[in-house]
Amino acid sequence: MNKTFWESKWAKPISAFISIFGFLLIWHIGVNSSSLGELMPGPIDVLSRFVGSFSVNIGQYTILGHALWSLSRVAIAYSVASFAGVICGLAMGRYPKFEAAFRPYFEIIRPIPPIAWIPMAILWFGLGELTKYFLIFLAAFSNVTLNAYTGAISVDPELIGAARMLGASDNQIFRTITIPASVPHIFAGMQISLSSSWATVVAAEMVRSSEGIGWMIVSGMEINNMQQILAGIVAIGLIGYGLATFMRFLERKLLVWNERGA
Amino acid sequence: MSKNIIKLEVKNLCKQFGDLLVLDDISFNVNKGEFLCIVGPTGCGKTTFINSITKLYTPTSGEILLDNEIVDPNKHNIAYIFQEESTMDWLTVFQNVEFGLKVKKIPKAEREIKVNEYLEIVGLTEFKDYYPRELSASMLQRVSIARAFVTEPDLLLMDEPYGQLDIELRFKLEDELINLWERTGTTVLFITHNIEEAVYLAENIMILTNKPAKVKSRLPVNLQHPRDIADPEFVEIRNKVTELIRWW
Amino acid sequence: MNEDISIDSVQKREKSGYIIISLISLVIGIFLWWLFTEGLGTISHKIMPGPIRVFQSFFSKFYVSAPDGATLLQHLGSSLQITLLGYVIGVAIGIPLGIVMAWYPKFDLFARPVFDLLRPIPGIAWIPVMIVLFGIGLLSKGMVVFLSVFVAITINTYTGIQQTKSVHKWVSHTFGASNIYTLFHVAIPTALPMLMTGLRVALGAAWTTIIAAELLASTKGIGFMIQQSRGLFRPDIIIVGMIAIGITGSVLGWLLGLLEKRVLKGRLSKE
Amino acid sequence: MKKTTMKLFSLLIVVIMVCSVFIGCTAKEEAPKDDGEAGTSDSVDNAVQDKASSGDLTKIRVGTQPTTIGVPAQYALEKGYFKEEGLDVDLVLFPTGAPLNEAIAAGELDVAANGLASVFPLANGVCEWIGEANTTGGMGIYVREGSPILENKGEIEGKPDMYGTAESIKGTTFLGPIGTSAQFNVMRYIQHFGLSDADIEQIHMDHGQAYQAYVAGEGDALATSPPFSYDAEDSGFIMAASFEDATESPLFDGLLARKDYSADNPESVKAFVKAYYRACEDLMSDPEMRKEYSIDWFTKNGREYNEETMLKEIEDRDYVTQSMMESEDYSYGLGMLAIADFYTFDGKVEEADLPNVPESFNVSYIEDIMDIKINIATYDDLK
């Protein structure tokens, strides 16, 4: 009897429901039974604020508007970063001399987290959108580049040897073997980058803004509105989860041929 | 070797996955020291059967007795050689072979003697400090074989262990296996879909039907090792098995 | 690490040439930086200080506490202390949790959903919550670091354990090993490369998060130093801070790399 | 042959990268920035006004805070005073003075109405001090009841209302934003007891957060300004030292302009100053209106005031009017000089930069507009 439950298709949703409900319950009890309640709103307050913010404006937009703002920032910066990252990564893999020239800068910039760039980015690009794009770009760029590069240099040497025996030129090998073989790596890099881009949206919106999920959190801090902060955190979590799921779905759809190899 | 003692007793074994009946009322005995090959059409449930013996799957009904007790890897000395490559890539060859002995809490000094002995037998002594990724597929399979034999199991289960190897290597390893078996007197249950392999190795061949698997028949191979695949007697037995296995 | 694999003996001859290219490229870069700042003055030093100014500030920051009240090493020490505190706790809790989640499917069914929801929330978003819950001292910053470490470690451990091949589990079981024995001798060794990756990722996350936390509320630390220099028209100190962050991050990563090589011995780490 | 193709290819990559970055930039700058700017910070009213204003107005970017200093700017904007002067004002709000300075450094603002933090752009020679806007009462250092600091009162000569002894202050933790009046307040306070910054701990937090943290039991003392100082009083915290007692210097919030902007657009700056003072006169002449208006605007920006606290603020803080500037004892820029002098202690203002501060005093706009003569302070006046 017990066993059939664990194997049934209901096990997953039911246990998910129980665990999330349990998590909220602990939160609720924690807040209501201690002095914590003075500082922290409970889950009911936060969730009702979250749900309410679909129809009531926080600042100038509803939460959907803020989410769209944040997503559009991520989408733009992420696309540019992916594009530039793939090109840089492949070029580094293809041309050792380009790698030699470019790599030092890459290695210097890579370990500095986007958030530490905020002050300089403001000085260079001002308080507008460009700075926000720049920060998100930084979050995505290095991962994509690194993965594209790894993809380009870890192509099976036998494959290249075989192609060379058939008389393929370096360029042909690069176009027809290296690039396709790098795709799984590139995709993996893009997946990680999307998550880190999204995680950077809070940092990016710490730069003067008046909209976005990150702004909800930052401005909630400024005006001491815990409900707004937590509603923002809930939104970040849900959208982040959605994006990751979406990328996994895309991977399954697009990279069917790779799954065998992986 | 007293070959008349019943080692393994399978009684009315059934296994069902959901609605799918895979094993249908299988019963047979294996004597101590016997080399039994089980053949059947691909996908007939041979692996399921062997997995039931090792408790990887719990049978739906029926029972399996080893030395008159319900089979239990914790109590009985069973070894299993898998179809897939199964060496552990974080251990050296030596440590891989040692794995089963460690599980069975054999003292260190004794472990070392035994492992070295079996490494010698499978010809891997000079590779004992290598990691699996540095070895070829056939060497890896030899590691697995050594790992199984070194525990001197009461019952050795082999699930198409040579399925992925090329013919030459396979012949070599088959001969090695027979050698080991003759030296150790282990009871061996060998699963294969390769009829020639079965006839080449086994004392007895058990043929299963297509899914759901039942025991179709069981016939002895009374030939001396090493066997000659061109021997007319060999060919005759092979044809007989082939005839039995046809389900169409 | 990857270049080492790809570079075969033929290429080795040229390698020294590549180092020269790297050096030339760096020299050109620094020269251009100097040219447009201190050289021609095209870019105001209020927006981008020149290399000479930055290097001067960098070295003088080792003994000058202006304008933010502490020397570089004091800031660095403060940041590292909290980072390591949060990191150690995060690792100590994250690894066992990841293992238990991956090894006991029933536990996984309950833990995973909550975890999946918390996972995409960046450490920086937790800062306001932690300030409210744990105040503004070491503890709240330690907690924010802990959270981001914990998430990265748990995920990687979890994924690593799940990579355990069934056949290895079977081998262990048929030899009569208990579930726990199999966990420690099969699953955990399998997970080690992923786990090491997790340690590295988490260290990066910890270091990023402490900087963020210090930007928002603190009395010391590299992030605080940067924060103080904003609005004081001292971009040179900001860049010094960024350089210190970058170098420290690299050194920490390198140290973990050494550990990784020792732990994984004959195995390649899985990226 | 191979080499040339390689070079071409890398060149191409560089070009594509650069282009992609620029395409990305321009695309985004056009699309979202328009909306973004319409909505920057303040309110929808502005957006409406922005749209109404056509091209013949001069655009000017103004930074301020949602505090006393920002009210006249917002008021002038809403009343259309700026527009009457031919200005299209883009008002940008900052939570404290530090990020406002950063925006000035980044060239994002032309003029600003800011508090104590103004000293940094002045000392750095980036801005000039073009007017003083309001007096700054109501700031102070607060402690909880039962704090050891409260055990002793009036120990310092001439400060009958100031609490504390060297022993009780030593080792305490102060909350408040560093680089603003709060830090100035704390440092001057402890100096009276012969202590230095090494004897205490100051935790940097914006006013709102600091107040919240203090309420939650963090820290030993809170250095804050209205409205949080009034909230602190309401919560039963006790003022250990007022800003005035501790610092002994009158502090004026005021107006600054980027030097380069002021040189190129003196007419716009003058117009801005004129409209701003017009608003100040309005607000000073009608306290009831000032109260209603301020409460409304502060609340919109997340600073909760009630009537009582607002009345206190009106009591404590005056907007600078023509008559005030004409008075004998008015000394233009004295507060800024005191602060500049103070901040050399930890190198936030370098000693070499001290002369920049009086050099930045530019009263020509006010004198032109009001046709008065203003008495300008020098460092000698500090003694």
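First chain written, first letter: the chains are A, B, C and D, and each begins at residue 1.
FYI, contacts are C-beta pairs under 8 Å (C-beta built on N, C-alpha and C of every residue); 3 or more make two chains touch, one makes a residue touch a chain.
Note that this is a predicted model, so its numbers are computed, not measured.
Listed by label, the chains touching subunit B and subunit C alike form an empty list. Among the remaining chains, those touching subunit B and also subunit D are C.
Looking at C-D and A-C, the interface holding more C-beta pairs in contact is that of A-C.
We define each chain's centre as the mean of its Cα atoms; on that basis subunit A and subunit D are separated by 36 Å.
With each centre defined as the average position of its C-alpha atoms, the distance from subunit A to subunit B rounds to 49 Å.
If each chain is reduced to the centroid of its CA atoms, subunit A and subunit C end up 17 Å from each other. Subunit A has residues 39, 97, 119, 122-124, 221 in contact with two or more other chains. Listed for subunit B are no residues, as none touches two or more other chains. The multi-chain contact residues of subunit C, meaning those touching 2 or more other chains, are 46-47, 132, 216, 230, 235.
Chain contacts in this assembly follow no simple pattern; the graph is neither a line, a ring, a star nor complete. Per the contact rule defined earlier, chains pair up in contact as A-C, A-D, B-C, C-D.
Looking at the complex, you find that subunit A touches subunit D at residues 38-39, 60, 69, 72-73, 76-77, 79-80, 83-84, 87-88, 91, 94-95, 97-98, 119, 122-130, 133, 170-171, 208-211, 219, 221-225. Against subunit C, the residues of subunit D that register as touching in their complex are 97-102, 105-107, 117, 120-121, 124, 126, 175, 178-179, 197, 201-205, 209, 212-213, 216-219, 346-348, 350. By the touch criterion given at the top, residues 2-3, 5-6, 11, 14, 18-19, 21-22, 24-26, 29, 46-48, 105-106, 109-114, 116-122, 124-129, 132-133, 204, 207-208, 211-212, 215-216, 223, 226, 229-230, 235, 238-239, 241-242, 245-247, 249-250, 253, 271 of subunit C touch subunit A in their complex. Interface of subunit C with subunit B (complex): residues 165, 167-168, 170-178, 181, 185-186, 189-190, 192, 265-268. The part of subunit C that touches subunit D in the complex is made up of residues 46-47, 64-69, 131-132, 135-137, 216-219, 224, 227-228, 230-233, 235.
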